[in-house]
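In structure tokens below, several structures.
Paired with subunit B in one complex and with subunit C in the other, subunit A is shared by the two complexes that follow.
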Partner chain A sequence: MNKRLKSVSTILFALVISTSLVLNGCGTSAPNTPQPAAAKKDTISIAIPSEPSTMDVQFADDGNMRAVADNVIESLLTLDGKTMKVIPALATEVSRIDNTRWDIKLRPNVTFQNGNPFTADDVVYSIKRIINPNFKSNIAGFFATFKDAQKIGDLEVHIITTGPDPSMPTRLTLLDILNQKEMLASPDKIKTAVSGTGPYKIVSWTKGQRIVLERNDNYWGTKPAIKTVNYRFIEEDATRAAALRNGEVDFATNMLPEYVSTLPQVQTAEGLEFSLVRMNAVSGVMKDQKIRQAASYAINWDAISKSLYQGYASIAPGQVLKSSYFGFNKNLKAYPFDLAKAKQLLAEAGYKGETITFVGEQGRWLKDGEQEQAIAQMLRDAGFKVNVKMLAFSQWLGVLFPQDPTSTPPDMIFTFHSNDIYDADRTYSTYVLTTGSASSYPKTLDAQIIAARTELDTTKRQQEYEAISQTLYDNPAWLNGINIKDIDGMGKDVVYQPREDMRLIVSEMSFK
Partner chain B sequence: MANSTLVDTDTPELRESRPRFYELHRMTSKMVKDRLALYALIFLMLIFLSAILASIISPHDPTTGDIWNRLKPPSFAGGYSGHLLGTDQLGRDILSRLFYGGRVSLRIGFITVLFSSLVGIFFGLLAGYAGGKTDTIIMGLVDIQFAFPGMLVALVFVMVLGPSELHLTYALAFNGWMVFARMARSLVLTFRDGPLVEAAKAIGAKPLQVMIRHILPNIFAPLVTLFVLEVARIIGAEAMMSFLGYGIQPPSSSWGLMIGEGRAYFPMAWWLIVFPGMMIASTVLALNIFSNWFTTAIDPLQKGQSG
Partner chain C sequence: MATYLLKTLLKALVVVLGVSLLVFVLTRSIGNPVNTMLPLGASTAERARLTHQLGLDKPLLAQLGDYVAGVAQGNFGESWWQQESALTVALRPLPFTIELSGIALVLSLVFAIPLGILSALKPRSLLDKVASTSSMLGICVPNFWLGLMLILIFSNLLHWFPTSGTGGWQYWVLPSVTLAVLPLGRITQIVRTAMLEQLRELYIVTARSKGLPEFWVVTRHALKNAGVQIVTMSGWELGRMIAGYTIAIEAVFGLPGIGSLIVDAIGQQDFPLIQAITFVIAICIVFLNILIDLSYPLFNPRVKFK
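Coming up: the complex of A and B.
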């Protein structure tokens, strides 16, 4: 009898274990937040995939942090949400004095949220802080050309660059201006409750639960429609979508294409992220140009964008640049999917089935692991012998950006690349220039890239980049992948058009 | 009930001299009587067979998918007849992946527990037999390691070493040996001062001989039960780790990884999660039922009880 009882309890035990495992997959919904039943809705709940790691915008490269901080802290210049043109923000005028010196005029009568006035001291402090090598900012690369900043007057600053820098204004859209007085008085505040000049201020951050923002009524610009912003952190994609469907949140970022038909409202933006598979053109099997070309013909990007991404992706036009970026070559087109040609090139190159190591990661970008597996299979179909090595994100990062420049890069490594300054230099000086942090390409293009980077004549500079892109097309450094769209889910009553730069700007949101 | 008198006079010496086929016969007849255990055993055998024969019985290659035919439902729910249980997020056949995934899940379950049981039983025997300081130190270690949450230790282990099947096996074995040590020790204590050990010592057996030749065979049955239970636990743990992304890495597959990879699609493709989930649940359940039956079947004190 005792035994029967035991069996029953065992069954229960096993069922609890296994169902809890399965339920983990479906995701459990977090407790419902009561929505105030006001006549005119002015509170928005936004679900983001993960809790921000910090609020130190100058240090971290963290999209979840940006989703909050872009509403609190401002930069000298910013991008227009619709046209992506550089427009004034905290600076009213940016002009070049000579090849290495820029004059910045600052907006008067701006105050930080804690009441401190915004002055040239804040700008100089912010620039010196982020370019300080000891600070080891993760985004210092954007400001690699910055040498120094000098206060000229209370509302005027000079920025000195290491050489001619045509993309200086775009770099300024990424430079967050901190509150110097607050930083010096309480240096730890930046990690949580930083006060910026933006349209919203941080009211509270309950770790593990939510961040609440409140409208800054002293904001210098247009007063936003929404008064309170409530950020929730929901990691599972399916759970985030479910929270939106249930009305627990009004806005959910990073939706899967498969969810689109089930959500109340969906808006998309042409994102910045291009997938690419970097190939080792310096050593190993892939050193042979024909083998790299064969790989370029082997991938059916059409299938990946239409089926895996359900059409929410577009094929890179023979380069990982968009037509709006500086240096785009309009004569290039994506390699066609041509299995016969790929096999023929492999035969010509004398490929004998040497193993190709394909390094990947998963979970960082939409369907990255699946895209990698699909690419690997297509390479196999063309006759490559591929060994996929999935690494944890930090390890993968160490392979893509090796600390030791003499280490041998893998034959292939998958990544997503986003060009935040909309300029070909960003891509080529990272992935092609031999001193670039992620380069595995011979130094044949080095001189051209450096020349184009410092060229101030825009027509000439454009031509130089077109030539570089053409060379990289014929003698590929990577497989040009797809540009994935950003899908935001929102409640029926939310009005918002997602931006191409993927910033989440609450002041551009409103309710119907 | 018929042989209850024999049971009461059962001593280790007597049992050792008893013919083996008699034991086997007794256990088989018990098994047939206990329907639930019989079904569990049959199910486990099927799972083992499908894992071993995965390369023969799988209708498709588990790693090759047709990307144009993603997320197709099972054939009985309106999908293709070629894919009995549907296709996954990359158009791969779920049924074939279940067979191959079972191979990985079972392999990790058994190898891990083999490791942890060997280490655990060794230290348990040592602690129980030697007593004194050795006992205090070993059991102290066991207590310390028990104080850490097992899954967390395993996660940190794999995060540091990097996710792979081998590292996962190490990590899970590393926090599985303690229960064997504890059990072996407590079993040894019941034998250490008994006449069997006295006799062995009297004829001049060395400590190691006493432990392995005389004590171990007598405490083996409960350890086998524990072994089976631990395999079930490790299969669940492997699934959890793979689900979290710190276990098996694609393109190879395990049941837990199938759930992990498919979870984002659950709202529109239930078959990605339900089938591997059912496999994990039923395998763990069958192992539990089987071990339960094994305890009663082998335990001399429960021999007389009706099944």
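Coming up: the complex of A and C.
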């Protein structure tokens, strides 16, 4: 080799070596090595999958926004994280005056983080804003029964509904109260630096990088243990887990079951969503009740939960309602997995191998595609002839919620159903009531559902839903699926129990 | 030169318009964004109302007309998802992505040029074989997988670098190395091929017979003439990084660039934002290509712009 060339290769070699030395050298000054715990930590770093789109809680339906905003902005009522019972927040008392009028007494001596006092004006403003059809709220549907709000006194408001609405208190847990004076003075603040009444206030939002919250020392309620909250946005699940393992963050949401064994600590809670396979009970092969029962016996949900979700999923209790929801029927149990019974029912129904179309989608929920394939295979094992049709999310949604109500629903369609007002009405008026947006069930239960929806006597209402759930169990509208547990990863020193309503409440967190 | 610039700008305009039109049609064919924006249980009436508010119930041609009229005034509309001017949202993360891609390009050139030259000088030598194999490997390894592996090894095992996010120089190491691997492989191969071609040319024989030191023959003559190909390839790789590779890298390393933004925008089916981002990226690529063209005379004075 030529001398010059030798020197080139020497330079190259030296470059490689020196680079690796530089890389080595920084091992001593690693930026994120956990430091020995001297004083008690009062700053928590939380990794969420994506940056919130806005802080306008009345506008968007965005889980990442909620993970931040639920600590800053409050509603009139709220849910107890463990029991899911409605408890007071900014309202101290909610009572019904007549069928369509509710009286709300507000908490005195509450101030917004910018110093404005909290009054009836803020409540009336917030309600009028979200029900205004010109405001493009994506969550206005939760408040579809709200007609108007009137100020009665400085700390008293009346809410008028379009008809009797027994789920009114639950709706109030979703109604975020905005700061009227701030909204009128600087309308753009709601997008980033909104000031609410909550236990934390937004200090800064560096787009693309982080959001920092700090404890609101004037908070009316219990003072939180943690002083500063640092949100980071890490899209890739594996990286979020790696950041937690490294101690770069103390808390990482939405962990996969596979990661659990590698994380310092995990806590789980049952989510709000159940998978279900809606069946066409109106037309086609599945119209026969026995065939729908056969399908119910054919699925081994326990195997699905264990093999796909490492057991981090629980089987729906014979209905897609949780025991904490209003209308839960405690006498129902999931259909047992019984292949012989399924085959027998199919024979009794005279099923001759007609093709069943099973519509699915992939990628919106954890391992949804795998779950669909497993269900389809189990149906085949029982003797069904199944044709799985995988659609893109948007097309799939068009099949589940058809724009044209006269279109023929598919024999089966897979979905996850989230009951966001924790009330049986949400499920049944969507999936069973013939005017519901995703219904493929005969008219038989319509009268009962409408009666229950407007029944204001809670005992009677409870009984009505129990009866409806029983009918839907015997004459199924869908296969009741599983509830995938929500897994939060956290550092060893973090104390937190994830909530049943999936809200991330920092004031309930502390360090050991 | 003036005619060249005019022609190029005209071509660029056609390209950008073409891309915008294509993206417009593609976004409209991936389904109704209203379904993504509203909660799953929203009623048919709610869906219809939002569809109307977004103007998606208008005929496609009318929507296209609105869009073109807006773009002509530099207005891409408001991002549905972020409720802010789509162009502002699209431009915000651009500097980050350009910086990251730039660092990765420099990193790959620093290794690719010497490796390519040495391989070309001794074809089929051990070094050549090692370089060829590893550059093929670099081209074939999926970069998101590589990123995760690097995080596992250098963050979780060795604790040398942070896993993700932004901050001091340590935060740049893993993402830029991951991003550099693919261009490194491609550029090494191009340098090798281009150098092999040049080294066979007569002027090299002349230079050598005149007794020029081999180092000068290789660097001043062969490498300079191979420069056109190397610069073209590097520019192309830089473009692909900005418009493609960074998508996976930024998602894996949780970085605030245009790649992770487009993932979000597509996930949210935010049409105005998708259109603004692709417009911005198309402009970047066109501009980059013009820069590459303009650099040719540096390597070959015979290049004339007409």
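We adopt the following convention: the second predicted complex is superposed on the first by the 458 of 512 C-alpha atoms of A that agree within 3 Å, B and C clash if a C-alpha of one lies under 4 Å from a C-alpha of the other, contacts with A are read in each partner's own complex, and residues count from 1 in each chain.
Keep this in mind: a contact is a pair of C-beta atoms (placed from the backbone, for glycine too) under 8 Å apart; a residue touches a chain by one contact, two chains touch by 3 or more.
Since we're looking at a predicted model, the values are computed, not measured.
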Of subunit B and subunit C, the partner touching more residues of subunit A is C
Note to self: So in the superposed three-chain picture, is A:I304 touching just subunit B, just subunit C, both, or none of them (first/second/both/neither)?
What the structure shows: first
- Message: Just to be sure I read the superposition right, which of the two partners does A:A347 touch: subunit B = first, subunit C = second, or both, or neither?
- Response: neither
*In the superposed arrangement, which partner chain does A:M390 touch: subunit B (first), subunit C (second), both, or neither?*
first
### Message
Under the stated touch criterion, which partner chain does A:S418 make contact with: subunit B (first), subunit C (second), both, or neither?
### Response
second
After the superposition on A, what does A:A376 contact: first (subunit B), second (subunit C), both or neither?
first
Identify the partner contact of A:L256: answer first if only subunit B is touched, second if only subunit C is, both if each is, neither if none is. first
Name the contact category of A:S53: first (subunit B only), second (subunit C only), both, or neither.
second
Thinking of the overlay built on chain A, is A:A242 touched by subunit B (first), by subunit C (second), by both, or by neither?
both
In the overlaid three-chain picture, which partner chain does A:I152 touch, first (subunit B) or second (subunit C), both, or neither?
neither
Note: overlapping subunit A surface for subunit B and subunit C spans 7, 11, 15, 24, 26-27, 236, 238, 242, 392, 395
Per the touch rule above, subunit C residues touching subunit A in the complex are 30-33, 35-44, 46-50, 53, 81-84, 92-93, 96, 110, 114-115, 117-118, 121-122, 144, 148, 151-152, 155-156, 158-168, 170-171, 173, 213-215, 218, 251-257, 260-261, 263-264, 268-269
In the complex, the residues of subunit A that touch subunit B are 3, 6-7, 10-11, 13-15, 17-19, 21-22, 24-27, 236-238, 241-242, 256, 258-259, 262, 300, 303-304, 307-308, 362-363, 367, 369-370, 373-374, 376-377, 380, 388, 390-392, 395
Listed in rising order, the residues of subunit A that touch subunit C in the complex are 1-2, 4-5, 7-9, 11-12, 15, 23-24, 26-27, 30-33, 47, 50-51, 53-54, 56, 59-61, 133, 136, 138-141, 144, 191, 207-209, 232-236, 238-240, 242-243, 245-246, 248, 392-395, 397-398, 401, 403, 405, 415-418, 420, 426, 430, 437-438
Interface with subunit A, subunit B side, in the complex: residues 36, 63-65, 67-68, 70-71, 89-91, 159, 162-163, 232, 236, 239-240, 243, 245-246, 249-251, 256, 259-268, 273-274, 277, 280-281, 284-285, 288-289, 292, 296, 305, 307
